[in-house]
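To keep things simple, chains are lettered A, B and C as they appear, and every chain counts its residues starting from 1.
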Amino acid sequence: MDLPAGTRNYTYAQDMAIFRTKTHWAMLLALLVILFTAPLYWGNHWLSVANLIGITIIAATGLNILTGYCGQLSIGHAGFIAVGAYTSAVLTNRLELPFIVGLLAAGIIAGLIGLIFGTPSVRVKGFYLAISTIAAQFILIWVINHWTSVTGGFRGISVPPASIGGMIFVSQSSQFYLILVITVLVVFLAKNLARTRVGRAFVAIRDNDLAAEVMGINLFRYKLLAFFIGCFLAGIAGSLLAHWIGFLNAENFSIMDSILYIGIIIIGGLGTTTGPIFGVIFIRMLQQGITFIAPVLESTFALPAGFTTGIGPMVFGLAIVLFLILEPRGLAHRWQLFKASYRLWPFSY
Amino acid sequence: MNWKKLLKMAGIVSLALMITIIPLLSAGCAGTEEKTLKAGFSICYTGVAAEKGRPMGNAKLDCMKYINEELGGVAGYQIEVIWRDNQYDAAKAATIINELIAADCLMFTTNSSKMMASSMEIANRAEFPGFAVFSSPVCTHPPQHIYAQMPDYGDDWAAFAKYYLENIWQGEGRPKMALHLLNNPTGYGAQDAALVLADELGIDIVAIDEHTATTTNEIESLTRIKGLNPDILYISSTPQPTSIIVKNAVELGMYPGITIGCGHASLTSVLIELAGADTEGVYGVYPTVNWGDDVPAMAKMTEYCQEYHPEDYGNMDYVTSWAEGLIVAEILRLAIENVGIDNLTPQAIEEYGFQKLDNFDVGGLHGPVTYTSGDNRLSKSVRVFQILDGEITPITGWVEAPLIPYEFE
Amino acid sequence: MAELLQFVITGITVGMIYALIALSFVLVWKSSGVANLALGQLVLISSWFTYGMLVQAGLPLWVGFVLIILFALALGWVIERFILRPLIAQPILSLITVTLGLAYFIEGAVSFIWPKSVAALPRLFPQEPIHIGTAVVSQEYLWAAAISVALFGLLSLYFKYHKMGIAMRATADDQMAVQACGIPVTRIFSRSWMLACVLAAVGGVLMSSIGGITFGLVETGLKAFSVVILGGLNSFLGAIIAGPIIGLAENLGGGYLTPLTWPGVKEVIPFIIIIIVMFLKPYGLFGEVRIERI
């Protein structure tokens, strides 16, 4: 189905290959070449947008594993990102540990905190879990804001630039490579995770947890594992975000951001590897586009003063609602359809 | 037979082109030949702070128009304005500051301390000078390349405390003060100052309490505060929570009886609208003059405001940002005067523009602007106001807030 | 001691308002099994609409109130008809997240139509505070508490005795069976959303006449979630009892824990209660234990 006409799988390795044909490899190569040479022709501004997109992809991939694959709805993702960001900031700023330690610790601590708040998932699901993750978000942010001796409290905390060995990632282009490499790794790992026993167990739990349990999947373990992985990636994204912005304030991790991440994976396509990528690019470009076009529209058509303020959230909310109603499988599914029709063209019947 | 492959290739190529060209297009359209002074503005024109960000954005753009068209620019050179909407979003602000640096701006400004906090590390690393209109102590301590136009919330506290001790306090010994803070830098800026200065000034801080921006009931916290018998309740917050606190204090019978003071973010007409007669006698500080006051810059500002943005007339944020525009022009003028147009770099602007500011009066719109070594606050003065007969009435001239020796990190 | 009395009285009266908004949530959950996360936003938009009618248009109070009720009914109908009905029989995940999309949309719409962040509503009730022993309570809160108890009573009766109420309960229990009995399920959904919006609007008017209209109303919606979690998602009684409990916990906790912990502990107490309830009694005090079906 996914293969061009005339190509067949004869071995297990072929069947499992992500990049199956020469064209796939060529496309991959072309994409990587474009991405790795991007700093040559993208300005600083677009590189920083690309960096933001990369960081958001990592976070959204984490949420996608938790919500998209395992079906555990989390509306506290921004809270876990904040935990990662602050862990990294505290370790590299106050304890002056290397960036790599901060990055990994950010992931692990966010993952462990995720385990704590994920524990109710053993007994409850759906709305209950959603509310307990909202609660997690508020409690985490409150602790961060008030634990002044460690986190700097409301004053915020500054974060030194990332560095590995002697390399210091200050410029946008150097950070671009750092973020790009980690993003590619994360996406690759997520893709492979979904195809292993763990990933299949997640999907089984999402589709019917009772049935999954009957088949011998340990719900407790796998749900918590999903929370750990999801929040681990949130922590990694948080750490990168911290080093990228250079200054942290807990106000930057609001409940609306958590909802934004949910929207991203819905629009992109729940439970697909490419979904978060499409979702993030769609949302970030929508934001860029709206900020650019809304003031122009407002002045041209004499719209009310609230137009530019309200249009962003309205379009975003509408996008979530419309995608859920009209295309619940998201942009990733559209992309599949597009690929199929293109492969069969001109005989696409 | 091969055309299918060709099609694929065409697909790849067009995708690649799209990815590469879009940024190129936007990055490419910089670079006119005529010498201009590029100034970058990161404005929260939309997003949750749009209510303040919009009039401020309008004001500074109007002011730039005034300087460019009516005054013929600065020292004969036009100011090229590059403004971006940061949506009050930290990540967006970070991309914008990168863009401004990449676009070879000479300096930049932001409206709020939050947006400055998200921009300042990147700016400091690039030695790119800028100032925030409303700032918090963390932006200027320790002093690096970031400046503050207005006194921050800590300065508000310090100025009010000084005024209180000199003019209101009649009792024996040290007055007892309770702080009621908004749970963000607006509130905690006052706490930072109080913790450093209270002892020295001779004030006992008996309670530090906190409320949210969206509180509807503060009876609980005020009951506790009442139990401690404070002489002063200082509120560093925004109008809505301040109105709740004042109303609840009246209900509990605390006020009138004690003195209530508030920071400049609380002291707007919305406070009176929300809390009505209960606010009578409340003190507050504010760093600018009112609309209609007789100061030199008032006429032009009013003219431009009424011509281009009549809806902002009467809005205090318009005043602060008009002043911001005047300061930007003054910094550029000083730098040109000192190093000449051909040697302008962000570093030169900082050394010969920002740091040469000396008693610039900003058309009388707010306290004089002076740079003193080691103190990155540009204007340091506020006026004390009191709500009398439902009007916010100034009761002093400019009161200077001392530099507070914060010890961060 | 004087403090304790004050905390208790404030807690109970404030909690009654949370309960009122929680009732709106329970109503929708009880009849259609949809978790309405846009609760706070519904409160917000109806408060702003009230502002539009009473202050901007300057209508007399009673005309304004009639229009607000009509607006709430229309809003509920529109939400059900165009957003939730297409999603009938979709997974619970979609039903929850669609309300998040709705929440975002309403917030945008509010700042689009009313580009202000704060506004005051005219006072509906007398201002004079009432003294109970050493404690004070403002009359506004007492009125609000009375109104929520009255609405709770009406709703309980409606669900117990009215044909439509019984049908709503039946629908929540088994949609298939209800349809087989010839009850129009879609009309029931629609009716429950309309009623829920009216409740949210009443809550919004009461809250914003006390504290002004701000985005804080959204956070009150979040507090209402802790009420329904504690009380049980499908129990009106649970909501009306858990509301004051949450209010008490907030005020007592804030009153006695703040000196021991950090300032602002009051704000997270409802959320800590949520987490504790999740661990100990996930279906709340009065909730039906089997909430989801496989």
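What we mean here is this: a residue touches a chain if its C-beta (ideal position, glycine included) is under 8 Å from a C-beta of that chain, and two chains touch if they have at least 3 such contacts.
Keep in mind it's a predicted model, so treat the numbers as computed, not measured.
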{"item": "Starting at subunit A, fewest touch steps before arriving at subunit C", "value": "1"}
{"item": "Chain pair showing more contacts of the two, A-B and B-C", "value": "A-B"}
{"item": "Centre distance in Å when subunit A and subunit B are each reduced to the mean of their C-alpha atoms", "value": "33"}
{"item": "Centre-of-Cα separation between subunit C and subunit B, whole angstrom", "value": "37"}
{"item": "Subunit C residues counted as touching two or more neighbouring chains", "value": "111, 115, 263-264, 267"}
{"item": "Multi-chain contact sites of subunit B, meaning residues that touch two or more partners", "value": "50, 54, 183"}
{"item": "Multi-chain contact residues (two or more partners), subunit A", "value": "145, 305, 309, 312"}
{"item": "Residues on subunit C engaged by subunit B in the complex (per definition of touch)", "value": "3, 6-7, 10-11, 14, 111, 115-118, 120, 129, 136, 138, 141, 207, 210-212, 214-220, 250-251, 254-255, 258-259, 263-264, 266-267"}
{"item": "Subunit B to subunit C touching residues, read off their complex", "value": "48, 50-51, 54, 181, 183, 208-217, 219-221, 223-224, 227, 239-240, 243-244, 251-253, 270, 273-274"}
{"item": "Interfacial residue positions of subunit A with respect to subunit C in the complex", "value": "67, 71, 73, 75, 117, 119-120, 123-128, 130-132, 134-136, 138-139, 142, 145-147, 208, 210-211, 255-256, 259, 262-263, 266, 270, 304-307, 309-321, 324-325, 328"}
{"item": "Subunit A-touching residues of subunit B, taken from the complex the two chains share", "value": "5, 8, 11-12, 16, 19-20, 22-24, 26-27, 45-47, 50, 54, 84-85, 87, 90-92, 94-96, 98-99, 101-103, 114, 117-118, 120-122, 125, 136-138, 183-185, 187-188, 192, 311, 408-409"}
{"item": "Complex interface listing, subunit A residues touching subunit B", "value": "23, 26-27, 30, 34, 38, 41-49, 52, 93, 145, 152-156, 158-159, 161, 170, 172, 241, 244-247, 249, 251-252, 287, 291, 294-295, 305, 308-309, 312, 342"}
